[in-house]
Every structure is written in C-alpha cells, then in structure tokens.
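Which chain is which? They are A, B, C and D, in the order written, and residues in each are numbered from 1.
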Amino acid sequence: MFAIAITLLVLEIAVPAVKGEHLFSELLHEWPVYLAYFISFMTIGAVWMEHSALVDALDHIDGVFMRLNLVLLLFCAFLPFPTRIMSEFAGDIPGERVAVVFYGLVLLMMTLMLLIMGRHAESAGLFGDDLADERTEKARVKYQLLPGLIAYVAGGALGLLSPKLGVLIYLLIAIYLAIPIREVTRLYRKRV
Amino acid sequence: MFAIAITLLVLEIAVPAVKGEHLFSELLHEWPVYLAYFISFMTIGAVWMEHSALVDALDHIDGVFMRLNLVLLLFCAFLPFPTRIMSEFAGDIPGERVAVVFYGLVLLMMTLMLLIMGRHAESAGLFGDDLADERTEKARVKYQLLPGLIAYVAGGALGLLSPKLGVLIYLLIAIYLAIPIREVTRLYRKRV
Amino acid sequence: MFAIAITLLVLEIAVPAVKGEHLFSELLHEWPVYLAYFISFMTIGAVWMEHSALVDALDHIDGVFMRLNLVLLLFCAFLPFPTRIMSEFAGDIPGERVAVVFYGLVLLMMTLMLLIMGRHAESAGLFGDDLADERTEKARVKYQLLPGLIAYVAGGALGLLSPKLGVLIYLLIAIYLAIPIREVTRLYRKRV
Amino acid sequence: MFAIAITLLVLEIAVPAVKGEHLFSELLHEWPVYLAYFISFMTIGAVWMEHSALVDALDHIDGVFMRLNLVLLLFCAFLPFPTRIMSEFAGDIPGERVAVVFYGLVLLMMTLMLLIMGRHAESAGLFGDDLADERTEKARVKYQLLPGLIAYVAGGALGLLSPKLGVLIYLLIAIYLAIPIREVTRLYRKRV
C-alpha cells in the first residue's frame, strides 16, 4: 500500500510541452516538480519504514489499530494530490502559499496518525512483554516523530510568510525522518 | 488488490485550473470531490477488512470461492470510475441523479458479493470446525452486511429524488461498515 | 503484479463529456468500453488463477522459468493499451478491424506464454514427484489452455472479417478460461 | 514495488489520435514508444530479479541497507518519466539527445544503487557464512553489474553523438542483464 502510493507519485509529473531544443533548459527549469516528488517520496518512505518497525514490534493488533491504520493509509494515498498542486502552483506566490500549507497539513496528519498508532499500541498492550528490543522500538516511534510534528506546524506557519522556506523545512523533516542517526539492525524479513 | 484500488482513487482528483489567488476558495469549493473520495476509500477499506476477516476464518477455499472473489475484485477495481462520474456531475441535478444511482449500484454489488462469498463459504463447509471465534466471524459477515445492503437500495432510491440525500446515506453506510462497535482482537498477521 | 494490471484497467475508461441530462444514455451508449474492460479483466483474472495453480504445483523454479515469467508479465502489463485502443475505435470499422486483431494477438501471447511455462516446468522437472494432485494441475494447464490458443487464432481471423464476431469469441474464451467446469479444491493459501 | 513500477509503464503509452483507416500504419509508426517501453520493462525486470537474488542471499538487513533500498526504489519509481520523455521526443534530434542521456542516467543510477547495496551487504557482513551458493550470489551481483555500469556511461556518451546508437546500447544492456548465461536454480519461493 505504501509501495503503491510511493510509485504513483511519478504519474503526477507532466512531460514538458516544448520543442526538443528547449528540452534541456525546461527539464532544469522544472526543479520544483522534482523537489516536490523527492519530498513526498522520502516522507512516505520514512513513514513506511517507521510503520514497518512499529508493526514488527507488535505482538497482536486490535480493531482500533486496524481502523487507525486505515486513516493513515487515507492520508498517504491522498498525498499525490497536494504534491501535484504544490508543483503546479510553484512560482505563483498566492497559490504557492495555499499549496504549501495544504501539503504540510497532509504530511502532518500522516506523522500524527503514526504517533497515535504507536500510543494506542502501547496503551492497549499490543506490544509483547518479552524483548528489550521492542521497548526500543516503542521509544523510537514516540520520540523521533514528536520533533517532526512540531516542525510541520512550524513549516506550515512559515510557509504562510515564505512558501519556499516552508518547503525547505518539509525537505529537512523528510531527511530527518528517513535517515536517522540510530541504526536498527534486525533479522531479514521477506518483504523488503 | 484492495490496496491498489484504494490508492488509485487519488488519480481521479483533478488539480483546479485556476489562478493562485483563487486556489484556496477553489479547494474549498471542490468538497464534493473529497467527499466522493472519502466514501469510496472508506467503503473499499471496510470491504477489505471484512474480506480479510472472512478469508482468515476459512480453513480452505474452493474453485467457486475463487471465482466469486474475482467478481468482487471486478466491482472494487471498477469503483474509481463511478466515483469520478459522481465528482464531475456534482451540482448538475439530472446528471447527479444518474451518477448517484450508478455509484450506489457498484457499492451494492461489492457488499452483495461479499455476502454471497460468506454464504458460499458456510454452505460449502469452507470454515474449519474447531474454533468458536470462527463461528463469530461467520455470524459477523452475515449480519453486519445485511443492513448495509438494504441501506444501499434505500440510498439509491432516495438518490433518484434527492441525490444529496443518497450520498449522505452512502457516507453513513461506509462509516457503519468501517467502524463497527464490536471489537475484533486477533493475532497479528504479517499483511497489515 | 496481475493484481496491479487488472486494477489499472479502470484508468482507461474516460468520463463522458456530456451534459447531465444525457449522462444516462451516454453511459448506456458506452457499452463497448465496458465490454472491453470486462474481457480484459476476466482474461487477466483467468491467467492469474492458472498461473497461481501452476506455480503452486511447482517444487522449485529455475532461471528459464523466471525469464519466461517476465515475458508473461510483459504481455499482461501491456494489455491495458490494446484494451483502450479497442474501446476507442469501436464503431469505426477499419480501425475496429486493426484493434481487434492487435488485442487478440496480446491475449494469444499471454495464453501462449502460460502454456510454454507449463511445458518448460514439465520438461525441466520443476514439478515434485510426490502428489497425484500435482499431476492433475499439470494436465489442467496443458489441456485447458490449448483450445483457448486455437480459439484466439480463429477469433483474430474472424475479427478481420467481422470485428464484432472476433470480440464475441474473445469474450467466450475469457468465460471458458475463468469459469472451468472442473472444480479445484485446495488448501487455503494466504494470498487470495 | 518493482511490480508496480513495471506495470505503470503502460500508462505512458498514448492512444494514437488518428482515423481508423490509419490506425495500422500509426501503430507501426509508433515503434519508438514500444521500444522505450520494452527497454524500461526489461531493465526494471532485470533489476527486480537481481534484487530478489541479493535479498534472498542475505542473512539479515541493517538500517543502511534499508535506506539504500529506498534510494533504489526512488530511481525505479522515477523511470516512467524519462521513458515517456524519450518516447515523445523520438525523431526530434536535439530533444532526442537530451532525452537519451537523461534516460541513461536514471538507468545508470538504478544499476549503481544495486551494486552499492551488494557491496554494503558484503562489507557489513549481512550475508550468512554457511552456504557456498550464497557466495556465488555475491559474486554474481558484483561481476555482472559492473559491465552494465560501464556500458551505460558509454551508451550515454554515444547518445550525445547519435541518440539511436545510445538507445541500442541500453537495449543490449537490458537483454544482457535480464538473460544471463548462468542459470540459477533455486528453491521455489512464494513471491514469483
């Protein structure tokens, strides 16, 4: 499901309707489109990895967890739409402002849902009791996502003043979430 | 397969072709598009969860079950088309009427196929005999879907008179199916 | 992979660009589009089920089998394109003729690849030796696909004379392949 | 994920907007589109098979491997975009030149990422120590990809002079990667 959303993003990139001699400059000129693609890809990728780590650490799931999961998927599957809007309104300042805040809201909801799922898993006792590693996972989901949440709110607020600054913050969050300093070594599982 | 259909829905949402200064009001104005997206997403999500619960409760499958399954997939995979039609004809009363009934028919067929699959599984003895939990699942599929079926017929009929009322009913059914009061705790399985 | 190709088919169906009052008649008028969708869906579905049955009966796979599999996927993944062409040229007799033969060729290649994979599996000893059921599977793939192959050639040839007759034959083959008289009961496997 | 990217490629093929009587010649005339489709399909297919072979040979994965994997997916998921550009600028010499180099760069990055993943797996000790077969896999990934890498650089450079020659080289690499002389027999795994 994450795999599908992440792969569909490319369909939102339009082929430039220019003559061949301007293709090179047009491809360079389209950098906001690639940037939006990159941020969305890395954010879904990071959420995907966190989600896998969370689900792997669980002993069992309950009905609430399944429904929270469906809402997380709702926001992830919706992301290609604000991504495209942000690409298309790049350079059009009033539109950019709306697009960047709209995009940031969806990113925020994705991270928030994941945090809520982690919290629910803990309060409902869905984690097993046996392994120290699992406790690390729990902590990881809780403490790594929180700065991301705050940064999204800050990014959205700054995006109202300067859309480009907002986008820069989203990019930094995606990198922060996807490339954590901590290393997680785990047994190979068949779904890489 | 459900994951793919649910993710493709976003491709049906068109980016508004307006100037940046009107983007905010245009995004608000497009609420029927988001509503159609939400109903389709939650309905496929609910069918997906019911289908998982049914298949998990089975001991084995037979050829008839596989073919019924293919027909269920046919209707689920087709749903993005009536969803888009309902979005595009929102506000155009005579078109809305046709679109809402057409959409409701596909939702009805999805639920009906799932009910038929549950019935077939029972009559063909595809459930195991050992677990009380499984009997609960059987009962669940049978009794929870039935009110949904009747409500779809009512929603479609009301949709002929007032399309907006029909859509409201579909929304309520999606919520009823996706968020049941009963809680199902089960062992974690690797395909969440 | 089959699941993805089968779900993407819906993206090829265009929303009619008519006023609301003509939506009903336009939806009825678009029946060749639904028919093409239905034939493609059922044919991929049938190939999917045959492919699953074949792969389940195997003891191991070799490099040749994997590459034959890639070629089968190539034709399945390509099917949405001739499907769309057949839909769009319906009613335009000279175009219909080309479209029906082109479409039939891709269907033929899908069935042929599956037959070749079954043959290779047998000649390379990829089947286990232990179970009578497996021998049944082998026979099934071999004997059920052969009439399909011959019928595709006949359908394509007739399609040159009368495109509508060709399409009717493809429809009958899809039904013949998807709904065999033989029933295969097998242990439930997690990928339904 | 590879399955999705490989299946989405077909969506980039546009239906010719001609009258029915010219459909046949138009379909023949569109050969660069099919060629681009074929090269992209076979290259992703080859990377998919190599990736499966690599991952199967691993004993466990670490965080770096997961992140390298995400970057590999980034380039594979992006491939439909340069594929479409190459199809659309076929015949427009200055555009063809840019398109062929751009396309080759993405193919190069895919192969390079796979090579880096193989190297990292070896240096981080992710392979098990027990099986001779696994050592063969290691060697295979390392030695088979290297000529591909060099050929992509050569193909891109030649593509600047003669785009058609560059495309021919990409085609040959795809075939070289997808149809190796070595045969790998392995136990059947459920994800064919």
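Observations on the model:
To be clear about the criterion, contacts are C-beta pairs under 8 Å (C-beta built on N, C-alpha and C of every residue); 3 or more make two chains touch, one makes a residue touch a chain.
Note that the structure is predicted; figures quoted are calculated from it, not measured.
Set against the C-alpha centre of chain D, every other chain centre is closer than that of B. Copies chain A and chain B of the same chain sequence form an interface built mainly from non-equivalent positions, shared numbers / all numbers used being under half. Between chain A and chain D the CA-based rotation angle works out to 90°, given as a multiple of 5. Once the centre of each chain is set as its mean CA position, chain A and chain B turn out to be 26 Å apart. Averaging Cα coordinates per chain places chain B and chain D 37 Å apart. Residue positions 4, 8, 11 of chain A each touch two or more of the other chains.
In terms of which chains touch, the assembly is arranged as a closed ring, every chain touching its two neighbours and no others.
Of all possible chain pairs, the ones that touch are A-B, A-D, B-C, C-D. Interface of chain D with chain A (complex): residues 1, 4-5, 8, 11, 55, 58-64, 66-67, 69-70, 73-74, 77-81, 84-85, 88-89, 92-99, 102, 126, 191. The part of chain A that touches chain D in the complex is made up of residues 3-4, 6-11, 13, 15, 19-21, 23-24, 27, 37-38, 41-42, 45, 49, 178-180, 182-188, 190, 192.
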